[in-house]
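Look at the two complexes coming up: chain A is in both, with chain B in one and chain C in the other.
The block that comes next holds the complex of A and B.
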């Protein structure tokens, strides 16, 4: 029951201020539109770079949007109340990341269909790209949220979150962009899909504990 | 305490102190004695007293080994039948790369230790070792690129080993940035501990990248079970250089840790006494 209550609260908070989640979506669309303009109308080139561009845009928009994930809760005292109320901090971190992903990574999965008009990908290629985003963005969001939890007491250090999160997110990026090219070659995407799913499960098991430890740390200042 | 207590109370306390309290098995088992002995050394002052003097002889050992190793590897070891003399950069590349990996593993272990047992010294050693590891990792990447140009024709390829070593370099940068951002607060050590533990997943990826992927980088030459694939005239100077680099890194990390201990514990009486002692010795040197 209390989990549902916390979930509803986080949902209402997230969608109350449309500025927070709309900004990362707008950034994603902007990057998607900028690349064809910069590369010229070379359709074969666009066809080749589309998965990489979509993935880099998704990664950057996740990194940008995760900065204020925990800071507002630290500022208004909610974090202390959660710790004091003995509600499991790991569950609370998972709920926050889930709500953030629903308004971030999940929307990016849908918006990745824009590659069909913008980059000339076929429907099956776009579907594979969307599947890779669906499986990869939870891991990316969890890792970015860990970096955000580690740097919650620090204000004004915007570039620290990408610096901390990127080394861990790079393997996901490398594997996921390979998924569409594997499909284009006609091979099975199941091995890469299995690796990405394994990464997601591993991240989902370990990172909430790390995030809770980092959040408890931020209260000790 | 003495001012507040009645003299009768003090007498009762002294009586119970001298009574023979029953001893348990725990106090006599070897492992427990060892553990207690170890625990007595993890304070900042014991660490400084034990490891402070060792910096000097470690640095001496490192200079001797590196001198012998450099002369042996550059002048005496024979040229490679394929690469000629350009292979000699291996004598810097292999030690720095191996040390960058080992230092990160040490950082991960120190992270676990400082989170579980909350030793302040563990996070101080981690703070001292992170920049050293960063420089070693960057050196490994640079020497590898310099070596790659004449042998592979390219300064850089995006294969498994090089990409995962680049990721390791970024992990080190993140650790150093985290220590810098949380300057002088106790949260620095704990936040860096969490990051170093999570980043330790990269270490097996680096180690097995030459096994899992088709890579331009060569496979492992030294294993625990088989004879090395290099001739003795080449791997002996490599071992000397490796030992020299390990001694140098140990000296650097311990020196930096001792400096950090003095900086962070500046309010303690023993640091005051040490500084006064050094000052008086310096003054007497100047006068005498």
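The block that comes next holds the complex of A and C.
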């Protein structure tokens, strides 16, 4: 019951402050649309670069929107109230990141269907790409959120977030972009899928605690 | 629900036995960062009492409240206890909860008054009766403001919204920690708040608050300037100067 209340508040806040997350979605769409225009009508080239472009755009769009994730809650004292209350801080962090992912990563999964008209990918290739985003973006979002939690007391140091998160996010990017080419070669995508899923589970199990510890520390500075 | 408590099987038989125990500070030290502010603060706060923390600016009143609220770590684990239970285990006491109203109000400016209050209460108690908010807002003189966004309210009105949480049904909130609750309030609201504070104490609750103004109700007084660390800095000089006036 308490979880539902917290979840509703986060959804409502997303709805009311839509500018912050729509921005990173628009960024993703812009990169996807501009690449074919700049590269020209070379279909084989577009076909080859499509997974990489989509994934780099997704990674940057996730990093772009994450810096405000915990900011207002620290500034207006909501974080203090949550720490004082009996509500577990880790659970709150999970809900926060989940709602953030729903308005970010999940939309990117749906929007990745744009590669069919823009880059000439087949429906199965586009499906594989969407699948890789579906299992990869939660991990990316969790890692970015941890960087956001660590840097939340340092106002205006937005550049620290990519510096902290990117090295940890790179393996996901490398494996996930390989997924489509593995499928195109006719091999099984299951090993890569399993790896990405394992990464997601591991991140989901460990990072919320790290985030809660970072947020607790941010109150002491 | 965890009921494990150190050295006491009795709490499990009597879920609210802690309510009769005093809150004890036993030579508590306050520091901000690495800078020690006060040493050796001791007090005993039984149920039904109000503790008024006094002292000049910068002496550590807010820091002491943050320690009590569990927002800052201790140098010695056992220096703050509830009966036998040290601060880090307070949250494990059955049905225990506290209300902390600090300088930051915990109100999100984009949400309405009712949405904010529902969220803050749901953190501890889950669902709440909708008319509870209406009557709490009426008590602080803000009836009809339920669906107004917090960003549209004045500073004093925001403080009233925050204080309206004292009127919400919260029998379990035995301990209230109020940091400068009189800030930005007009003179008509003061007696209302004072009546509420003494009513809570009469019901067996306890309140720890900071304020620079003398309060017209019966309180125990803890003057932090008695515990200030004697530095060579101008810090203590400022303290004594203000008290000489």
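Annotations
We take it that the second predicted complex is superposed on the first by the 221 of 221 C-alpha atoms of A that agree within 3 Å, B and C clash if a C-alpha of one lies under 4 Å from a C-alpha of the other, contacts with A are read in each partner's own complex, and residues count from 1 in each chain.
Heads up, the rule we're going with is that a contact is a pair of C-beta atoms (placed from the backbone, for glycine too) under 8 Å apart; a residue touches a chain by one contact, two chains touch by 3 or more.
Note that this is a predicted model, so its numbers are computed, not measured.
When the two structures are aligned on the shared chain, A:82 is found in touch with chain C, with no touch to chain B. In the superposition on chain A, contact of A:13 is made with chain C only, not with chain B. Once chain A of one complex is fitted onto chain A of the other, the partner contacts of A:220 extend to both chain B and chain C. Once chain A of one complex is fitted onto chain A of the other, the partner contacts of A:22 are absent, as it touches neither chain B nor chain C. When the two structures are aligned on the shared chain, A:174 is found in touch with chain B, with no touch to chain C.
When the two complexes are overlaid on their common chain A, residue A:5 makes contact with chain C while staying clear of chain B. Overlaid on A, the two complexes show chain B and chain C touching the same residues of chain A, namely 220. On the side of chain B, the complex with chain A involves touching residues 115, 163, 167-168, 170-171, 173-174, 177-178, 181-182, 185-187, 190-191, 194-195, 197-199, 201-202, 205. If you check the complex, the residues on chain C that touch chain A are 69-73, 91, 97-98, 100, 102-111, 115, 118-120, 122-127. Partner chain C is touched in their complex by these residues of chain A: 1-2, 5-6, 9, 12-13, 16-17, 72-73, 75-78, 80-87, 219-220.
Against chain B, the residues of chain A that register as touching in their complex are 146, 150-151, 153-154, 157, 160, 163-164, 166-168, 170-171, 174, 206-207, 210, 213-214, 217-218, 220-221.
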